[in-house]
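Per-chain numbering from 1; labels A, B and C assigned in written order.
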């Protein structure tokens, strides 16, 4: 649940004033994971900031990041350095985001259904599709940009990196020798050319279904994605097919289904990955099933089971997750 | 002082709705520490998040951590990884906490009185009793669990770790070979059996006193604890005795007293530790005395003196501490 | 824009109660930097906490730090350890700050005008004057103290470090052997004498101008600073001259000017540094020019160009910056 802070400024009290705001929300979870050998406690608490504002001309802008996404000392994982969280601007022309947004393919297609109170983490997040652009890739290039535009039933997505690796704080040209104005010492600047990574996608939304198509390229590697989801009464079904070129992973095929019954939501997925390995091609199958029970007020009791060829053992989680 | 954020959602405005909230509070301090050789500036500012919610059936839940307790890159010290801060759920059956709570013994007995504006830190926190479970131990096992239950005048406490060291993010079984679904590379999972650490304690609370008993075990090491505190008029007295087995520390005995006079609070403690050393047994005595002067509005002027055999010099602090 | 959280406590509702508060504000930016070779995306999002309170006797106190200024694991860059952010107390006798405040010279003189949406960062913050005390120096000495006092048109500033390097958490005397009360192991304490760094400055403020003079010393290095700023109609001009002794940098001379025209603010600066190098003395010139366009509601469109002898290439930035 999102909380918006009241502002004491008199200006804010006047009607119609476009006020900039910082909202503070949070989440938490606690429970037990059985990893096939041991039962382990697993818990967490997180807080998220959502920044929103509006210009005089009605342009919306904002940003969002979690406390745990801020670690200034770690050069590439910091909202204050543009490699975590997101900043955006939005108007009639569409929405432009920068920072660590999802790539175009992921924005249009997304992942399979998460099971368990750790939302798939107990099984290595095997319900997550491996997108080539965004999705944790290319953070060494600094911020990624994502553009979204919706016209009637069609949404268009485009995302890209800037093709320049940025080591540390440096924002100067590659190979430039710089003298630090405070110490007088020569410093060789530390940026470097990288492969441009980009992704484009389109999504069609009907009344009770959507279908998406994506194309992504990251260096030599290519990815073509297809996704669709439909809802009938209390059922939802989703299918994803990703075809990869010039990486070891050949394809990923995935299906997911869910059934809502009052406060109970039952979810499951199947996924197959084909890998090109030295010893020949190999297929890996993964299955997951879980149930959520909504306790109200932001609390959900949840459990899941994941059986995947990537793990020797079947893994299980059971616990409660909260949103604040 | 704790601040609770207002929520703008219409739902929240409706009476009786159990709303989830994020409260933001803070503390600070500034002053000078004399370490026996030099006077040193010492200051800090911190912010704490307190998350609270209630399910439809009246179950309370929440979490709490400070900004400086979140450092995702450091594998074992992060509220987002369950090794800092705490998440809890509470109802008629008691309260269950997970994360980095105090152990059962510490919950029932606690430490001696803190002196000085740095609350004992200038003297190495020598007023803190060394509990075997929780209290900074066993964080490599991931979250610790603490259960508390109060019936009439008696409170029962039980805490335990899960007996599994968790390196980094891995939550899979020990020794399992995993293939990373995004890279296709084999990764040997990195969890490991550890000694289960647990602690149980009971506390009896009378009208102006309490007494507690605890038993803790961490690997081979054992700890039996006794604690009691009484208040008479403006005086408070506390005594703690901890008996250890199978570690170098043989016992810790401690006494503390305080006297409140209007805005002034005078506090002091004595502590003796007996160590088994190569050269024979050795006793270490520590003394501390200090005074707080409440300036109102969350500001307290405070100073303290600590003289301990653990330090060559008598150390002194003097400054002001704030709560927001 | 600063937001102050409402407090739910009934006490706070009562008139005249001096309440302690935590305000949450934020900023963000997104755009493109041309570093002379490549165009690069650059964005960020940040959140700041401002803590304020007042004692019963009317003494103000507070603190401030950003989320990205908190990194407890990094020993010397943490608001919770006093080496980032600031804590202060203020009354009729003046204002005393501790933590990581600017030094006296920087408080009185300041930097040249920032250009671009990254506020000079795209050109290595070359508009920033290199002050010897504060300004990122001496953080290994723990908190720095800054005292400010204003009487009529004259403001006086004094800042200093404590002359003691503090490694990690230790606050004991140098060379002391300590026994860790929890492990029983001997630990040699880790503090060390350092050069005291201090700075004093005075500022005279007239109706449309100010002039400042400063003297700073950090070990052998000395710095004498002169600064002045004047505003005429929509124009502002600033000049800074810093004379250094016993460091490689001989002097820094800087001029800055700005012109405000409705929502548009045009800014520029020139700066010359003279360095003593092995191959003889060398002068480095730097120029910057930029324009801000205020979109209202906390959004500003901005761009800048910096040409400096410290960089092989002319660098450019263009983007939008937000305050929340």
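Note that a contact is a pair of C-beta atoms (placed from the backbone, for glycine too) under 8 Å apart; a residue touches a chain by one contact, two chains touch by 3 or more.
Note that this is a predicted model, so its numbers are computed, not measured.
S.K.: Going only through chains that touch each other, how many steps at minimum separate chain B from chain C?
M.R.: When the steps are counted carefully, the minimum from chain B to chain C is 1.
S.K.: Call it same or different for chain A and chain B: same when shared residue numbers make up over half of all numbers used at their interface.
M.R.: Since fewer than half of the residue numbers are used by both chains, the interface counts as different.
S.K.: Between chain A and chain B, tell me the centre distance in angstrom, where each centre is the average of that chain's C-alpha atoms.
M.R.: Each chain reduced to its C-alpha mean, chain A and chain B end up 35 Å apart.
S.K.: I need the residues of chain A touching at least two other chains; which ones are they?
M.R.: Where chain A meets two or more other chains at a single residue, that happens at 5-6, 24, 67, 70-71, 73.
S.K.: Quick one: which bits of chain C touch chain A in the complex? Just the residue numbers, please.
M.R.: Those residues of chain C that touch chain A are 1-6, 24-26, 28-30, 33, 35-47, 66-71, 73-74, 77, 118, 121-122, 124, 126, 128, 130, 136, 247-249, 273, 275, 277, 284, 295-299, 310-313, 315, 320, 322-324.
S.K.: Can you tell me which positions in chain A touch chain C when the two form their complex?
M.R.: Touch list, chain A to chain C: 5-9, 18-22, 24, 49, 51-57, 59, 61-65, 67, 70-73, 78-82, 85-89, 96, 98-99, 142-145, 161-164, 166, 171-174, 176-179, 181-182, 184, 191, 193.
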